[in-house]
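A quick write-up on the structure given underneath.
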């Protein structure tokens, strides 16, 4: 632990513990953050990062230990009190009311202090200008892109004259370009003397701008050191408690002939999109959030209406008007938003797994329970889903295990073409690797995968081939094994001149 | 532009309806306001008003308060706005309608109460009333019991819609001085229904039978359709020779009395009530003095008399 | 064309105020009819007739914007109306009215406790509460209408002030007051935040429980206030006034454009929604449309407005 | 018995016991009333209970599926009005069996129309469905009024001893009323439908998460049509059982059935959020409501206080149920 006197610390966390029924979420965690530094916290899901942050912000109360913020001991605080004290937090799930305007969101709950609507908007304008954000303060938050929402969040944090801003995985839905913007602002804030706690899964970011890093695991703060003293592998080993040889398995080796051809999909957001998919291939889609990646697969899958839409499988045109047609044609989909689009959280693991294969275990419209029972057990075992029983609500499982349930649901009907939209979002390193292995297995068993991910390394390392998508069009096709990353990025950003 | 055209088209369509609505009106504009046209006696009265109106020089429009006291008073003020000369009304609640009637009187309308009448000091807010006397209806029913059971009997009473004026009056008349008070007729149990609903009367009767069984010698039920339910309950329980008295004299009551399932129905004569109302309004318009309350006599349908009357139209 | 339509402020207003096009159609249509619709008496009478429902809607809007709803207002309306008359001989007119309103606030408090504190489904629990209160009203009056014996009482709702009916004035004042409350106060904006996103509002340091709870209390209070006004208007308290009131008012609020999902809408929308219903009744009576057809048309209008609104949203979602 | 199956039975027992609060309430009512009024347990009262049970349970069973599918239906009152007056008037014209079939068809058609209105507008929220069906209810009621001119209709003219409707209304097989047998048969069918068929599962999945269900190829639009048509059909059955019992049909006969049915379903433990629920739970809910008025009637409680008690117990039951979850 670096030796620094108390007056240099913006926050000093000492021996903080927190127990939930049955789980010791935090066990005597101690972390010091110096004034004006960017302090990274890394750790797998369930390591206790989010719990710690919620204690700092006052959403949870700690069981024991002390927290000294800016020289003042904090006890029994509420979110509002901590914000007023100068401790702001930007949550992973963005903390804005989508039905209200930008200006009002920044001063949510402080309408009176701002002397009404006009005052709120004027002050909001000032704050947004200070971080070079041009968005109209009267615009509804629901109309903003994710990155703009993030800017609004930062403006909101600044509005409290925050001394410490905690960012909980801010980059999970940002594109590289937006990430660069965020990096710039983080540096700018640091120069203004504002301290930042930066929580992330993405080690690149940590190494790029964090001054100090704490690794957390199983409710313990394992190690805190200046970033420069860490190596990448070191950090990963500490996070998972074991050495992981590689972050990614090798790409599937055997790519066969054309399996599917998509010809000229056009929707409100897409312009004449055509591409092919080969047997045993992982095809990556690279592009900014909102570029149309998800829209393409939704249109192919029949979830969105499209004009001039034709899908050819094995050379034959297959009409796909809805997801049911797609399923029959041999598609499987892991949707972008696990909780909203993928799972029925209060329903059992078993029901969630058997959802897609009802036709397999029913006859004449009647369900045969004996057959269904096997399905849940089989997939849970095959994918080693960690669950006490197939009957517990799927909502009780961790993110990675939930995702495995969705994969298992489709494996049951053995789709030929697997669409995976952000399959590893919010999943910890260990579980990610398992998902990657699964993908490889599916491809090697003769299937094909369309992979969408905001994590560039993931797409590049997993895919046999990537398509870049910009503003609803396909702008390029690359072999990631031999192409430089910046060329692919340039194409995904819509640049005409692709650097050689 | 397209939207504007649509709006204009709809506007024009409504104009046609509007022009059609007012029609040619040589006759005096009169309105009949009923408390609830989903109630068959009132629906029938409304038809009779429209039918007989012209022969008394009136063009009668009917308005329906849909069972809502609040709507009732709104319709009265609406009638003032529409320049009606005469309003006949059968309100849900004779107290609650008074403030609206005050406005009607101030505006110079002729107000006639139909099948109801204002009480006490309120009477000055109407010009005339034509009604069966529900208090009397209750008394008549009581007298039937006293006549049929000279040595006394134990009976149950099943009321109409709780809070409805007719229900209150019939109950008070039945149990009051000229009713069974002081006689040997003993009411084992009285319950009013939530609505004038046959199934509710039947459910109450079924429970009463469980409770009192053969002790029940007779039933006073406030309306003939309710009696239908009572008859079903009695039949299902195998209770015979029940002396059932109902009020209304509508088709159900008429048939039930004829078949012997129901002993007596105290019949109201709505056709003559309508004619009397129209005549009174005509007289009042002509400047004559009219009586404040004209009682329309009730007819007693029983086994002997029922064949003297034609099948009621409602 | 599409662009000009979108940027047109008039179209903006029309999409926000869902009942407005419907009201305009009626107003224009009636220009061509030879009825006495456009007489000052009728226009005032229309407002006067709608006033009770409008006042109820102001309170309900608070709960709906906050992501709840209140179907107990029918029950509160009748019980407080009865209390404001029944207590008169005991304590005099004004204290009786005060008691009635306090009663409404109390029921609102209980509703708030159940919905906000105990997190019960508002739709079903307030429905049950309304049923309970209807029984209380019947018990209080023995199901007999209860006329007031104090002549001044009637004049509160039936009097006029410089030719304007008192009820219309009271409604206008309450309209301005509640619109101000929703738009220009911390409490009002907090309600929008809570309805828009409960968790976010909570993390933003808004006392969500207290604020939403207060919305229910105010809704109860407003319903009680409307109840006393109704009793004064009819000079009678009775258990049978409020049967469908709760559904009609909540429906009117939604028809106006205040979303059941919470966070969207407001007092002006609700006012127009209820006014559309009142105007429809008035117009149909003016045009001498028979009772059953009136019922049919009213149902059809409710379906049509909500259908059109949903359909517009669907078109937006599915636009290619 | 295999381990899994054993666990399964235990679980369903546990699942059933989750509504134990309701069971306690019902038991308390039964025991309390039986002590103060022994005639409560008399054969005649039990028959009465079976008959009074009839109409509401039919409507509530249909409503269960709508709520399980994540929607709501306020139009059942209007459907009952319409089916009752039309069917009863058709008896003389087309005969009993055709009238019965036509009546049920009208109920199902009204339900299907509801779903058509909802689907064509693209409404996917419960609130939109709530107010649309409220409007549809008004329309159906108005049609019933127009058809009947507001008058009550009877079927006393037909030969009573052979009447099909008399049998439905008052007939008995041994000690059991025919309407109760109809209920048992329909309950068994609907329970099978709910638990054993793919459509029943699809309804639950739709109620649980429409988007997720659609993305795995569940036909959610078909499920919506099915739940509303079924609900309309069951409202039609309820209407026929109701008017057969009282032998008359007024065009306002269905008033209050929508709220009572929803209350029964929710009190039974089917959550308004959709996805969870069971027809068996609804039976408990209806039992509570019917027992309550029967017991209070027998105990001689005034009808006004009955409404208070009913409301209070319902609020209490809903609150308790909510606390469990």
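Letters A, B, C and D name the chains as they come in the text, with residue numbers starting at 1 for each one.
Going forward, a contact is a pair of C-beta atoms (placed from the backbone, for glycine too) under 8 Å apart; a residue touches a chain by one contact, two chains touch by 3 or more.
It should be emphasised that the depicted structure is a prediction, and the values quoted were computed from it without experimental measurement.
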Expressed in steps between touching chains, what is the minimal separation of subunit B and subunit C?
1
Lowest number of touching-chain links that must be crossed from subunit A to subunit C
1
Report the chain whose CA-based centre is farthest from the CA-based centre of subunit C.
A
Where are there more C-beta contacts: A-D or C-D?
C-D
Between subunit B and subunit A, distance of the C-alpha-averaged centres to the nearest whole Å
70
Which integer distance in Å separates the CA centroid of subunit A from that of subunit D?
45
Distance between chain centroids, defined by C-alpha means - subunit B, subunit D (Å)
32
Which residues does subunit C have that touch at least 2 chains other than itself?
138, 143, 239, 291-292, 295, 318
Give the residues of subunit D touching no fewer than two other chains, as numbers and ranges.
145, 150, 302-304, 307
Tell me, which pairs of chains are in touch?
A-C, A-D, B-C, B-D, C-D
Name, in rising order, each residue of subunit D that touches subunit A in their complex.
4, 7, 11, 195-202, 204-205, 208-209, 211-219, 275-276
Okay, in this complex, where on subunit A does subunit D touch?
301, 303, 322-324, 326-328, 333, 335, 340-347, 351, 355-356, 358-359, 362, 365-367, 373, 391, 409
Can you name the residues of subunit C that touch subunit A in the complex?
183-186, 189-190, 192-193, 195-197, 200-206, 262-264, 318-320
Considering the complex alone, what residue numbers of subunit D touch subunit C?
74, 117, 120-123, 125-128, 130-132, 134-143, 145-146, 150, 259, 262-263, 266, 271-273, 302-312, 314-315, 318-319, 322-323
In the complex, the residues of subunit A that touch subunit C are 57, 59, 78-81, 83-84, 91, 95-100, 104, 108-112, 116-117, 266-268, 304-307
